[in-house]
Amino acid sequence: MKLEDKMELTHFDEHGNARMVDVSKKDITSRSACAVGSILVNKEIVEKIEHSDMKKGDVLGVARIAGIMGVKKTSDLIPLCHPLMINKVNIDFEIDKVNCLIYAYCAVKCNGKTGVEMEALTGVNICLLTIYDMCKAVSKDMEIKNVHLVSKSGGKSGDFVWKE
Amino acid sequence: MKLEDKMELTHFDEHGNARMVDVSKKDITSRSACAVGSILVNKEIVEKIEHSDMKKGDVLGVARIAGIMGVKKTSDLIPLCHPLMINKVNIDFEIDKVNCLIYAYCAVKCNGKTGVEMEALTGVNICLLTIYDMCKAVSKDMEIKNVHLVSKSGGKSGDFVWKE
Amino acid sequence: MKLEDKMELTHFDEHGNARMVDVSKKDITSRSACAVGSILVNKEIVEKIEHSDMKKGDVLGVARIAGIMGVKKTSDLIPLCHPLMINKVNIDFEIDKVNCLIYAYCAVKCNGKTGVEMEALTGVNICLLTIYDMCKAVSKDMEIKNVHLVSKSGGKSGDFVWKE
Amino acid sequence: MKLEDKMELTHFDEHGNARMVDVSKKDITSRSACAVGSILVNKEIVEKIEHSDMKKGDVLGVARIAGIMGVKKTSDLIPLCHPLMINKVNIDFEIDKVNCLIYAYCAVKCNGKTGVEMEALTGVNICLLTIYDMCKAVSKDMEIKNVHLVSKSGGKSGDFVWKE
Amino acid sequence: MKLEDKMELTHFDEHGNARMVDVSKKDITSRSACAVGSILVNKEIVEKIEHSDMKKGDVLGVARIAGIMGVKKTSDLIPLCHPLMINKVNIDFEIDKVNCLIYAYCAVKCNGKTGVEMEALTGVNICLLTIYDMCKAVSKDMEIKNVHLVSKSGGKSGDFVWKE
Amino acid sequence: MKLEDKMELTHFDEHGNARMVDVSKKDITSRSACAVGSILVNKEIVEKIEHSDMKKGDVLGVARIAGIMGVKKTSDLIPLCHPLMINKVNIDFEIDKVNCLIYAYCAVKCNGKTGVEMEALTGVNICLLTIYDMCKAVSKDMEIKNVHLVSKSGGKSGDFVWKE
């Protein structure tokens, strides 16, 4: 892909009509992507989530399942996404107790003609929305923050690493 | 609902098992919610989106449809959400050219036994993910930021307004 | 609804933005709609369908199930459709042997704030597509023809009957 | 495929039971299909659609997104369709002002073991239903007409071109 | 409902055509149902599940989420089921260590025109299938057994209690 | 796969977190699986089903379509299942009149990195649930029994045959 091509909104044709980009000629290669995002909660919620377990309610366990299932629905949710055969989904959480932030990481792999960036980002978003849903009875002052790609590899456009 | 009840993670029973909360006894009332969120893009993308029209590719028009359809899928995406008969969905965008931020607002109404907060938040997230998807060929340095509830009304837990 | 209101494309707001129309204030009333459409096939297919039975393959039986399930997916398929609690779906077929036309009728009822016209039309379309799919190994010279509303009742906009 | 095979309703086994045909032994080849269909509207609607833009409401833009998303749902809608990894979807419209007809074309590509005829036809149908939905407040005297395959290529059964 | 009515396959009309039964005239009443089923596993799996926790892998926690989400998909899975607004879903498990059986119970409530028997049964089935999926790397000699209704209440056909 | 690997719950990582297993390195091979299950009904239902035809209502025909469509939804229903491109689905029934049992068999094939055991089992379950739904107006004393894998082939873990 030449530089000038990369500058275009490839999801529209020369008349400005939305389209699902033709990837027929692209090779099937191994691709992976990882995305991250966080949700700001209050101290009470951070503590409930940190001490959650199967006795008290496993908030992050539910969010993880929602995220994995959300990854599989990406092409159903994002209009111009190609369907993909997902090979792997991993979701991890990190709790930043000081700043009351719950981080969700989503790593996705496939063998396909397009990348899995949207799948990883969708997984993170559905995780965070699910945490929101399960904690909203405690407080509605939560905020989803800073969802972005961490890295991707594979495909013509090459590798990408997020620079903080 | 008493104060102490509100403090609980209502999506889990006394043994810590996830459940879809029983709303049988709740009244069907008129409910509304509005959520907002933004995506940080680069100058080039802001300009493309600002000058987009049906000739050049209507990024926000596609994102709006994705958001509206996403609202209708909320209970399919968020494990413990109740299905709801949506009465209205409105999605608006605001472009902050100086800070390279595209804001998405999603307002939802229903008559139901539970609120539409999750629907409004899901609509915003799907909108922003769709903008990401359509602009990622230009740059992958985008970031979804600050998705939160703006306000809600209706239901026992009363009205809510976000305080900046 | 006044005449001039009926003349507008109500699915767009005053800025031309697509929206799911607000039906909060509308009453829940009993509504029904019936739609029809046909598929033109060749003589061989008409005969196979006419003589089809559980021994030889029940084309119309499969199409009927697809149509009923399609009715339930309407608000998932048509972006600005409201979800509705369907009360009834009936699908009937008529074979016009002389003209090689298979007619599909779909009648839908609900109690809701909006009508079931789109549900009835979607049911007809999915029926006809399913017939196409099952007969396309015999011939691809089929054509879906003349899908339209037959009648509707209920709701503010009143009753409608198609005039041939 | 021999002639006599082509004459059979391959979606049923020798006992007349519906089945999803075994394509295990078929090669994965490049396949494409294009379908067309039209909707007859009144003069007022034709004009609204023709002059539609992002200010007044982009009917065809919404229909295009619905059509693309509909293509991806084909195997979920048509009972005996195989799931396929879609490589490309393009939807175009043509307005025949004299005859008050809006034409929708849908072109689909995949690499797969079965063709994308049903995907192209489903895309056209969902487009036309979406136009219907957005214009039905103006008039319900619309009619979906003449949905058929334009051409297909790839696969054992060879190429096909519709003869008017 | 008279006895002779109860004897008919109500999902077919007088010509034997499948239909979604007309419930327009039925009242919206409070309805509940509970179903149960079990899966026979080997000793090793029973132990893994019994001692499972968030450290070792919470098999039943994942199965519970799958079951709750499955309940919400019932009308999408069972062709002639009416869509329903679910008010509550509860899923419980019981481990019979001696007989190597894992029991899943699913209790569902709604206010609607039809009952939630199919929803409760679907929830149990999806739970058990999910347990199967997560344990099949250990052994494939598992068996889903004895899925049936435990009780239902509400609606014209009255209450039902399973007699062992 | 070594014996000790087979003993692990592979759907969880070393911290006990659920994950979709990484199959990137696995080869795409031809895989098939067959599952069976039965539903115990009363004499009256057995007779209605046995004599059912297109005149009286084809219970098994409807159940077959539901089962085939259910197979295609497997990865949407079972949280940690990989999506797969299904090549074939066949569903057969057997009526054991003496014991009032209806047996459903589901055979599935794909070329993929994981097997189709879950698809075959899901197909059987949806079939039996659909029979239940269509016969529950006659009697609710039905019971789904003994759903298990009959055989599978392909993949590293080798072939499997159920031993009665």
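Worth pointing out:
In this document, chain identifiers A, B, C, D, E and F correspond to the written order of the chains, with residue numbering beginning at 1 in each.
What we mean here is this: a contact is a pair of C-beta atoms (placed from the backbone, for glycine too) under 8 Å apart; a residue touches a chain by one contact, two chains touch by 3 or more.
As the structure is a prediction and not an experimental result, all values here were calculated from the model.
Counting steps between touching chains, the shortest path from subunit A to subunit D takes 1.
Counted as hops between touching chains, the shortest connection from subunit C to subunit F is 1. Ranking B-E and A-E by contacting C-beta pairs places B-E first.
Counted by residue number, the contact pairs of A-D are over half the same as those of A-F, the matching pair from A-F, C-D or C-F.
With every chain reduced to the mean of its CA atoms, the largest distance from subunit D is reached by E. Rotating subunit A by 120 degrees superposes its CA atoms on those of subunit F, with the angle stated to the nearest 5. The centroid of the Cα atoms in subunit A and the matching centroid in subunit C are 37 Å apart. One finds 31 Å separating the Cα centroids of subunit C and subunit E. Each chain gets a centre from the mean of its Cα atoms; for subunit E and subunit F, those two points are 16 Å apart. Residue positions of subunit F touching 2 or more other chains: 17-18, 53-54, 58, 61-62, 65-66, 69, 73, 76, 79-80, 85. Every pair of chains meeting the touch criterion is listed here: A-B, A-D, A-E, A-F, B-C, B-D, B-E, C-D, C-E, C-F, D-F, E-F. Subunit E meets subunit B in the complex at residues 30, 61, 64-65, 68-69, 71-73, 85-92, 109, 111.
Residues 13, 17-24, 75-76, 79-80, 82-85, 112-113 of subunit C touch subunit B in their complex. Contact residues of subunit E toward subunit F in the complex are 5-12, 15-18, 37, 44, 48, 52-59, 62, 65-66, 69-70, 73, 76-81, 117-118, 121-122, 125-126, 129-130, 132-138, 140-149, 152, 157, 160, 162-163.
The touching residues of subunit D, counted against subunit B in their complex, run 53-54, 58, 61-62, 65-66, 69.
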